[in-house]
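After this come two complexes, each holding chain A, first together with chain B and then together with chain C.
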Partner chain A sequence: MAPETPFPQPPGRLIEVLHQRQQQHGHLSRTTLAMVAQELRLPPAHVYGVASFYHLFRLTPPTPHRCGICFGTACLLRGAAALAAAQAQRLGVRLDDPAGDGLWSLETVSCLGACGLAPVLVMDGVPRRAEAP
Partner chain B sequence: MAVVTLQVNDTTVAVPAGVPLLQALAAAGVALPTLCHHPRLSPVAACRLCLVELEGASRPLPACVTAAAEGQRLRTDTPALQAGRRLIVELLFAEGNHPCAVCVANGDCELQDAARHVGMDLVSVPYRHPSRQVDASHPLFLLDHHRCILCSRCVRVCDEIEGAHVWAMANRGSATRLIAGLDQPWGTVDSCTSCGKCVAVCPTGALVAREDVPLGRWPTP
Partner chain C sequence: MRDGETAPVQLRLCDASGCRAAGAGALAAALGAALEGGGGQGPRPRLKPVGCLRLCSHGPLLALDHGGASALYGGLTAEQVPTLLAIACNHPGGHDGDRDPRRRALEAHRLDSHHPFFALQHPLVLETCGLVDPTDLDDALAHGAYRQLQRLLATATPAQVRAEVRRSGLRGRGGAGYPTGLKWDTVALQPPAPRLVVANGDEGDPGAFMDRSVLEGDPHRLLEGLAIAAYAVGARHGYIYVRAEYPLAIERLLRAVVQAMERGLLGQADPATGFAFVPELRVGAGAYVCGEETALLASIAGGRGIPRQRPPFPAQAGLAGCPTLINNIETLAALPALLRMGGEAYAAIGPAACPGTKVFSVSGSVVRTGLVEVPMGISLRTVVQTMAGGVPGGIGADGGIKAVQTGGPSGGCLPAALLDTPIDYEGLRALGSSLGSGGLVVLDHSCAMPELARHFMAFCAGESCGKCIPCRAGTVQLADLLERLMQRRATAADLDLIEQLAAVVQRTSLCGLGQTAPNPLVSTLRHFRHEYSERLLPDEPWLS
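Our next item is the complex of A and B:
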């Protein structure tokens, strides 16, 4: 029979460690990912695969300022898509382009659990109610 | 090992208890296209081409991971299964870029075999024409992402048999793609032993040996 697991388990700490490193460095560079792979004795390809799968992990350095628009159900119902379009125009950046204009970037985020404030806009980590245009 | 008897499209067959239903299909002489399955690798049931209807089950089940049990009655050819299978193959063709006429694997390709099996004469969904790359950094082999159907056979053979762990899938959804190492050129991945197992199991022309490619088409690194 074929083997059950591709490499020695459990690699359960990987996501936790990636979160830690991202908090320290602001993003996960190739060098960081290579170090994590070595520390946890995991294949680099596997580490990269996991890091690139989750939206919360950034593989490129973030812009100094970031604006997030919640695309959760409540926010979408209350005009999040129009808000995102208006905000993209205002900042002169493309939605979900991590490079932004070098100073600002605009990204969609999933439900923040602050549905009472819908539509929610996140400025540098602080969620607040926005006016749908 | 205990032997169980079950019915495949009205043919009665006997197979060891617990083996994947694919074996029962084979015993009954029924062939289904199987793109992610490989007998020597762990199953992932990703392509869904081997779906069968099992009497009493609420939904179709993949024959590559469903265990054979006594008294099962299964069908492989209902109109719903046939339509689903054909759509999957069409989606695979529309998802990547598959110009068969200029492919090394032309005539020896499991994706083509699947298309032939389902009788695909046109693709009814719009082609995505994704922008993809060719990785020609390995001295012996080539990786043409255009033809990759993301079956993950290469990932598994490298993990489970060669133990070199060169490959993985990166990103998600329609952006999913095969990566070598830390998303680097294949030829620069130290752990690659150049064993060629990934090339051997690739169902399409995505992974090929340079020597099979008409001379001079790709520069050597």
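Our next item is the complex of A and C:
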């Protein structure tokens, strides 16, 4: 038996819903945001405000492949900046340009908590230890 | 061998995200395939995925439990699996084994469990992290999970639980160090109304991975601690907020919640007290400011993570206006061990003003990076030099260490000369740093302090929510001024401006993010001022 909800439920589902939609579509388009606003009966401005506030919500389509460089303190000390520069040159893209070259893009990511392995590189979502250049 | 039957042979493979990034997946696959294929004689060893085994730098880590003893190996690859299984299946140190070159090669991967890195640890929060399978409720129960919750429900009133926590002297492990018992009392003693509990797992400080390790390695411990906190303050509903950058922690926690609810450990009314507790998981979306408690609540409620003025404190009016208890993951995970020992026994660990143990994540320029749990009051030198081994190849009394960065972007840097400082909240604050949530990043002499200060300032400028001007504009200006300094275009007047502006941002920002954003700058100016002044443009007398 589930206990009764003891308090008025806060309007808490928006971030979860945005996560789900981003997982489905890869990013949050204007149409998606408008639909979410309608479904949850929230002002579109509120939905756009939340989606644009958080770093992990993408408002433009991602490239098929993405390379992330962790810029946490430990990674920075162990050469994350040089690693990012080397990757940018290798891939021929600019750092933190979400459009990349259409196939690959290079982005900085916040600390993944894998500091023991610094510098850390994230290839298509899989973190791994990188050799400092 | 009769011993083999009484103490089963098992291989505990670290399956935390650190070791996964170091190749634990490939090792697990090779071990699984070899065990599946059979071969060898004697009892077949059991392969058990566990949480963090502490020494992340030497990952992937694997512990072999054999005949009551345990051997820890680091950096193994699939090629060493047959030799490892031969040892596991037969005798651990037979005479003919020593002559086998493959065994000798494996021995080179064996880690010394008597090294201070392991020997000086005092695991309470992490007492079963690395021993239990984080995906298996029965294994957690066999290791004592939920026993304290059930004991307290049967024998103690909420007021007695709060009194015990007050006696223990436990202080919030998120960084502020507020006495936990006092916070609980504040929530419990509010006028009658529904109450809520929140576990803050938005571990955003770069260099900190204590909470991640608890969630990945022992999620039921957090759930037990959260349920105890809920019972103590009279809450029936709670939220666990975890940052989205920790997918494995989220997966394991979600599974643990489902397991505990299905088994009736949570969610169902206790027959004696009628207490029923329902936890709910909330996933962040990448915003450092959400670690601040009022921003965290805004984010749980589905909005932008923007802090608000306090008072009212969340303990008085939090989520949906209900009195809300917010505790850090590590604080909550300390509760089962604390309540088992009793408040007085816990208070006897470490200094009287801030007792207990603290988990630190050690990273940066050290030989051994990883997770340590040590008594409060231990010296910084013991942790970063004796345990972690100092800078690789470092020489001199300080082991090549230039400074230790504590507390991430809201903390500061302590120079090597202050390494003998005992670790506690007030001690580090008096030196212009802060304990923060427990990330210790060791810096060697190649690190330029103004460069580090600029990095953190740029980080805070990017993470500022934009609500108050001192933080929104001040961090950007400070980052620009520091950039100018790095390009050697700044004058002495600019440095004065930097100091004045830093003080303004500290004193006038709305929330903790802005108030502490200048800390890395101010603390490095205090201890390494010459590094700033040597980058200034020379005085030009004709200008004055």
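Methods note: the second predicted complex is superposed on the first by the 123 of 133 C-alpha atoms of A that agree within 3 Å, B and C clash if a C-alpha of one lies under 4 Å from a C-alpha of the other, contacts with A are read in each partner's own complex, and residues count from 1 in each chain.
The rule is short, and it goes like this: a residue touches a chain if its C-beta (ideal position, glycine included) is under 8 Å from a C-beta of that chain, and two chains touch if they have at least 3 such contacts.
Predicted, not measured: the structure shown is a model, and the values here were computed from it.
Using the contact criterion defined above for the overlaid structures, shared-chain residue A:R30 touches chain B, although it does not reach chain C. Contacts of A:C115 after superposition: chain C is touched, whereas chain B is not reached.
Of the two partner chains placed by the overlay, only chain C lies in contact with A:T73; chain B stays clear of it. Counting the residues of chain A touched by each of chain B and chain C gives the higher count for C.
In the superposed model, A:A86 lies in contact with neither chain B nor chain C.
By the touch criterion stated above, A:P43 is placed in contact with chain B alone, chain C being left untouched. Looking at the shared chain after the overlay, A:F53 reaches both chain B and chain C. Within chain A, the residues touching chain B in one complex and chain C in the other are 2-3, 6-7, 46, 49, 53. Put simply, chain A touches chain C in their complex at residues 1-3, 5-16, 18-19, 46, 49-50, 53-57, 71-74, 76-78, 109-118, 120, 126-129. For chain A in complex with chain B, the touching residues are 2-4, 6-7, 30, 33-34, 37, 43-49, 52-53. Here chain C touches chain A in the complex through residues 17-18, 20-22, 56-57, 59, 194, 196, 203-209, 212, 236-237, 244-246, 267-269, 276, 278, 282-288, 299-305, 319-320, 322, 361, 363-365, 369-370, 405, 408, 439, 441, 443-444, 447, 452, 455, 465, going by the rule given at the top. Only residues 40-43, 156, 159-160, 165-172, 179-183, 189, 191 of chain B touch chain A when the two sit together in their complex.
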